[in-house]
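Just so it is clear, A, B, C, D, E and F label the chains in written order, and each chain counts residues from 1 on its own.
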Amino acid sequence: MKKIEAIIKPYKLEAVKDALEKLDILGMTVTEVKGFGRQKGHSELYRGAEYKIDFVPKIKIEIALVDEDLDAAVEAIIAAAKTDKVGDGKIFVYSLEECVKIRTGERGAAAL
Amino acid sequence: MKKIAFASLLTLGLFALPAFGLEGKVSGQEIPALQYALDTVWVIFAAVLVFFMQAGFAMVESGFTRAKNASNIMMKNMMDFVIGSLSFYVIGFAVMFGNGTPFIGLEGFLPTAAQADSYSSLAWTSVPVLTAYFFQVVFAATAVTILSGAAAERIKFSTYLIISVLVTTVIYPVSGHWAWGGGWLSGLGFVDFAGSSVVHSVGGWASLAVVLVLGARLGKFNAAGKAMAIPGHNIPMATLGVFILWFGWYGFNPGSTMAATVNIGDIAVTTTLAGAAAALSAFIFTFMLYKRADVGMTLNGALAGLVGITAGCANVSPLGAIVIGLIVGILVVVSVLFFDKVKIDDPVGAISVHGVCGSTGTLLVGLFDTQKGLLYGGGIDMLITQAIGVFSIALWAFGSSIVLFKILDMVMGLRVTEEEEHVGLDYSEHGAAAYPDFNISSVSARN
Amino acid sequence: MKKIAFASLLTLGLFALPAFGLEGKVSGQEIPALQYALDTVWVIFAAVLVFFMQAGFAMVESGFTRAKNASNIMMKNMMDFVIGSLSFYVIGFAVMFGNGTPFIGLEGFLPTAAQADSYSSLAWTSVPVLTAYFFQVVFAATAVTILSGAAAERIKFSTYLIISVLVTTVIYPVSGHWAWGGGWLSGLGFVDFAGSSVVHSVGGWASLAVVLVLGARLGKFNAAGKAMAIPGHNIPMATLGVFILWFGWYGFNPGSTMAATVNIGDIAVTTTLAGAAAALSAFIFTFMLYKRADVGMTLNGALAGLVGITAGCANVSPLGAIVIGLIVGILVVVSVLFFDKVKIDDPVGAISVHGVCGSTGTLLVGLFDTQKGLLYGGGIDMLITQAIGVFSIALWAFGSSIVLFKILDMVMGLRVTEEEEHVGLDYSEHGAAAYPDFNISSVSARN
Amino acid sequence: MKKIAFASLLTLGLFALPAFGLEGKVSGQEIPALQYALDTVWVIFAAVLVFFMQAGFAMVESGFTRAKNASNIMMKNMMDFVIGSLSFYVIGFAVMFGNGTPFIGLEGFLPTAAQADSYSSLAWTSVPVLTAYFFQVVFAATAVTILSGAAAERIKFSTYLIISVLVTTVIYPVSGHWAWGGGWLSGLGFVDFAGSSVVHSVGGWASLAVVLVLGARLGKFNAAGKAMAIPGHNIPMATLGVFILWFGWYGFNPGSTMAATVNIGDIAVTTTLAGAAAALSAFIFTFMLYKRADVGMTLNGALAGLVGITAGCANVSPLGAIVIGLIVGILVVVSVLFFDKVKIDDPVGAISVHGVCGSTGTLLVGLFDTQKGLLYGGGIDMLITQAIGVFSIALWAFGSSIVLFKILDMVMGLRVTEEEEHVGLDYSEHGAAAYPDFNISSVSARN
Amino acid sequence: MKKIEAIIKPYKLEAVKDALEKLDILGMTVTEVKGFGRQKGHSELYRGAEYKIDFVPKIKIEIALVDEDLDAAVEAIIAAAKTDKVGDGKIFVYSLEECVKIRTGERGAAAL
Amino acid sequence: MKKIEAIIKPYKLEAVKDALEKLDILGMTVTEVKGFGRQKGHSELYRGAEYKIDFVPKIKIEIALVDEDLDAAVEAIIAAAKTDKVGDGKIFVYSLEECVKIRTGERGAAAL
């Protein structure tokens, strides 16, 4: 099993979720995060004093899935999240050792 | 709900008269009685509006500072009124308005209706003694609450409470006595109709003192000494505060007639136009500097205009009010930038708004007074008198404050520990967050 | 904008007189007409301030409870005024002020100007019937809105609307009739000038009833029966609410003269000093207990002082007001801790502030009345009368409420389901979050 | 604090009289002087309440829109008053009330006390010229601030400032002149006592124009053209705003007597009952539709009732007010749904509340006027006159607005870029977040 | 070493924390996340317009622990978090390569 | 490739970010989390009732990087985040199987 961690632009969440649903991936966990990368923050103004905001709001989507679904999911995310502008984000893939469904105690792929 | 009328008791007498065949005879007392009743209603209306300014100050100061200190600031504004109203009742009112020397009032402590003779400086107003106290106490509370913003995010709560006592018993009433309590300044013909200097500049210059003793907030100036922005946590709340203050100013200025006089509407208009003009000039000026419509500076501009017109609101024309507003609107921006530059950390701009613009507004009466102002052909005399008043009040307020606050600092400490400042005063002083159900962020991000 | 003057029509007549060679003659009618006009202006000013207390209650109650119920509480405060103003118009005003028996008013439903004769209990005030209704309806709304806080975070919205009808047509007006509507209590000489008992304690004791029928919020008491803190989600909002309430109290108390009388300023002063003294004593008392400047308790203290002085605001001296304030400020803290101890869950302290301190404040008039109070040599009589009034009103308010609310509970249910309480009433009753753009946290953390 | 009394100067004279053996003689001037003073106090009280409505509008509009635009909306409401008060002083007041043609006022620019003769349309009120300006300017500000909500979340700040100038110098004062400034409509007997049409519908129909020129917010309508909900970020704040507006309405309606007349309490009552009835009918109607107690719709209902009664508040009975309220309460819900259906994006319901219900309320005076209304046997004439007034004002407001705003759109652009709208106007126009210490969420979740 | 990532219902946090404390697991990191899964969101109403809320608030607990503690911890979480209703959540297990305690510089199991 | 997950004190974020920038690590994702560990929460007071707050605000920084950069990055974080007081936090290291840059579709080290 794998875990995908995708960092995307917040307004792309809807599109990514829909794309994954089309692949029958019906579980995911979303976190609001702040990103630092090539897409720079901004200098802003408050009562005449400048201040630098280095971070950019991002959404992190985590999806646990079986190995077979990995490539399709990655492709789907890329397709849905891409804007060709800096800051589109990254997809990270990890190996997932075990998965348990709390409600049923099922383990492994059955638990996803 | 039992009625103890003063005018009506008389009119009941009047109603009884016809039975004695005296229809239409007026005893000569009803009209003054009615006038007093009307004056009293007016003054209470005004005082109640000024009371509400406490809420406005609380909102502005809290909105312009961080979420971790939000309850603390609200609480300071609540408690300075609580303490100020009691100590001004016991001591301050007598010091300010009581008969005494040209420098200080010495009688009339714990005012009651029976003591009317102790306040000859208030003989000109028809309202009863306690009504006068009520109107004056909300002014005293304004003066002290100004400090709360300047000292925000780092002052010890317990020490602030002592400061509230000092401001409302000594610092504010003494110079108040000079100008409004029959003291030496009133003799000179110094004009400060509703208190640009007597109230606002006293608060402003005492704020400068408290900030100097406290020092800057952690992180306000970087290693290189450059001023960092510490954005306020709730700008809509601060804006609501400015609306409430503006609303309250219609008690502050027109109410300072302390009688239902012919010019209360005119005062409302000069107040409106000066506030508007100053907001506009502050807005345009910062827009020219930064190509941004800076909300904080514009709000400070509005307040600067209201503070600036307070001295002359009954003495200048509507156009004069607009010009005064335009001037202080730019001045307040320059002043805020100046204090940042010289590393004086005033989180809400209290020194600039109330000190700088309060003093300047009082001075400008010497130019714009339609009777005696320099620009209206009145010569230089009034301007000189205004300058004497402005400087002596500022000197007293700053001087007495810095001495008293230094002593306080040595005796009980003025500032919280670094750790407490870091955690925020809501937790360290009050043991509870202002917004426990919200995720408070320590990382700013923007699209 | 067409003018239908009452005083001015007369003065126009007056202007016409000179043409007939009668210059200077006054018909004997202008002065009463002016006095009425002034009384009406004063009463409307006061009523409008009291109306604004609805917003104050909404803020306090919402701020002191959780984010997931914030809209629900605002909405309850909006709707109890909406419903209360209509049902008090149709029924409640007649029950309270209409002519009838010593126990209940029976005429004057749907008041109109033409019906002035139906309200002989209001004959002492010069203001027109509908102005009197306007002043009284905002008091009725205060009584009902007190329950909203006590019942917060678990009461069914639909049932609360029915409760609003019951309070404004039966519970509040019946005992109101006894004391203010010409009923048996007014005959005894019971003094409750602006309603510590008639308004506040009725709301407070009805709150006790609603809380007993509802039970505690999930999680308020742990397995061991110990009271858990459920922190309010927005303390600055609650503080703003207290400022608004205090502001409104200057209509509540001085306005209860229902005429522009000589003592309105005095009443404003007793109100101020009692509120301040109580906030201070609550503050000091909790500080001694916990070494923390507890914001919630101090705010409750301020309200307790304002509630406590409401009965005697026109009858006690400024020093008497301070003493009353100091007493109820400590009492409210003890009372809040007591109700927590006995597992009565009152999220905002409504029972303590309005019930306990309202009743106590009314009793204390028997000690501090400057004419007839025990401490002023007036003997024990007044105190006994006050006690009779206090207990009979409390008994009625609590008794009628518990019966009616029990019936409501059986008929339509008083409490939401566990699931709904868990999710929060904003979603379950109104289908929308109060703060959808904010991350609402379920985990409290502190540095 | 020097007193320049008008009544009191006279009464001082009176006091002097006894010395000349003229005790009891009244010169015939004191009473009118007192009446004027009382009128002035009343009008200032009312104007100050109406001023505070600016804060109410700001809260409602900001609360009903997203967190990322919260400062921007507060700032628009601040700046439209700032700009509006200045431009109405320089130009608008003269256009509206100055002597001129039946279509436009042509004299009395930059009003001063000396110019009283330039405003014969205001001769009926006794208050001084600048007091009249003060009362009128807050109405003008109301008209313009209505647009702020309709245009929320997408209008360019700089262009909005120009719109504020246009509304307060041309759009609002011209039709205002027709009805209140001695223009052709006042001649017809058109009744709009406090401005359902003159103020509110002008704001509402100008809002329709601005929305049509702007287009809908990004994401308001989905691909299929269905209206998506864009939930307001702070419903408690919006509710507080409605309380503040309701509070202010007690200045708006009763104050429009511009004198302390006998019926001000009656007007307060019709205002209360209509607001309450409309909130109730909106509440019940949406509850029937959706089985949810929709907060937003109920709040819109309350405002609709207040807008709807504004025209007839002095002319209808309490029961008439209730019926008017019930009607507009349902109407406003239907109207909001209608505009969503036809893809007109009005984030706060300004067109429905102020346009639709303002016009309807004015029409309904033709039915419910107790003197000349159709239902009171007055025949159809009044209804026809009302219809003429309603339609001509609506036509002017919408027509002039759409032309001017189209031109503005071409000249300087009305709408921000997509990128700016996306980021939010707080950052893109003002360079700072409204709530920097809070985590603003882009993902809604609910248990 | 392993890392457990448990997605649970927010009001179960207290119980899970207590259960882990009983196992002498005294470190964890908690994140407020939003979940998408079998437990669906809701349709809501705002001013007459419906809107769909797809996500459900969840709590993510992360625990780094030594391999031996894994099974007990998983069982404890299941026992504490289970309500037998849809939406009870998942437990994911990853391999943890290294752990460092910043204060002391200690590494590995000693750093936990 | 590795993923570093560092739990630090919030006010140390700036310093850590600067330290990583000096190593030419120009990408990271930040999450606001709540920690439970040796650094205990507090007992607080609300209207006379005590309540325990068990959690402490922390910042989680996630950095994906190539294996060679790992040690330097860990050292840099330690140096910047250390205060020698309890609660300084932990650094966790995971193996990262794959990384994709959404904008370009690049994979592996090139995508970082």
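Everything below uses one rule, namely that a residue touches a chain if its C-beta (ideal position, glycine included) is under 8 Å from a C-beta of that chain, and two chains touch if they have at least 3 such contacts.
Computed from a predicted model, the values in this text were never measured in an experiment.
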Which chains, if any, touch subunit C and subunit F both? B, E
If I compare contact pairs by residue number, which of A-B, C-F or B-F overlaps with C-E on over half of them? B-F
What is the distance in Å between the mean C-alpha positions of subunit D and subunit E? 53
Counting in whole Å, what is the centre-to-centre distance of subunit C and subunit D, each centre being its mean C-alpha position? 30
Between the Cα centroids of subunit A and subunit F the separation in whole angstrom comes to 18
Among all residues of subunit A, which ones touch two or more of the remaining chains? 30-32, 34-35, 42, 44-46, 55, 57, 94-95
Listed in rising order, subunit B residues that touch 2 or more other chains are 25-26, 31, 34, 38, 41, 45, 231-232, 234, 290, 292, 294, 296, 422, 427, 431-432, 435, 438-441, 443-444, 446-447
Chain-chain contacts, ordered by label, are A-B, A-D, A-E, A-F, B-C, B-D, B-F, C-D, C-E, C-F, D-E, E-F
Could you list, by residue number, the parts of subunit B that touch subunit C in their complex? 1-8, 11, 14-15, 17-18, 23-26, 30-31, 34, 36-38, 40-41, 43-45, 47-48, 51-52, 54-55, 58-59, 62, 70-71, 74-75, 77-79, 81-83, 85-86, 89, 110-113, 127-128, 130-134, 137, 157, 234, 237, 422-424, 426-427, 429-439
Parts of subunit C lying in touch with subunit B, wherever the complex brings them together: 25-28, 31-32, 34-35, 38-39, 41-42, 45, 49, 66-68, 124-126, 180, 193-194, 231-236, 239-240, 242-244, 246-247, 250-251, 254, 256-266, 268-269, 272-273, 275-277, 279-280, 283, 290, 292-296, 298-299, 302, 314, 317-319, 322, 435, 438-441, 444, 446-447
Residue set of subunit C touching subunit E in the complex reads 422, 427, 431-432, 439-443
Within the complex, which stretch of subunit A touches subunit F? 2, 6-8, 31, 33-38, 54-55, 58, 60, 74, 77-78, 81-95
Touching subunit D in the complex: which residues of subunit E? 10, 34-35, 41-42, 44-51, 53, 55-57
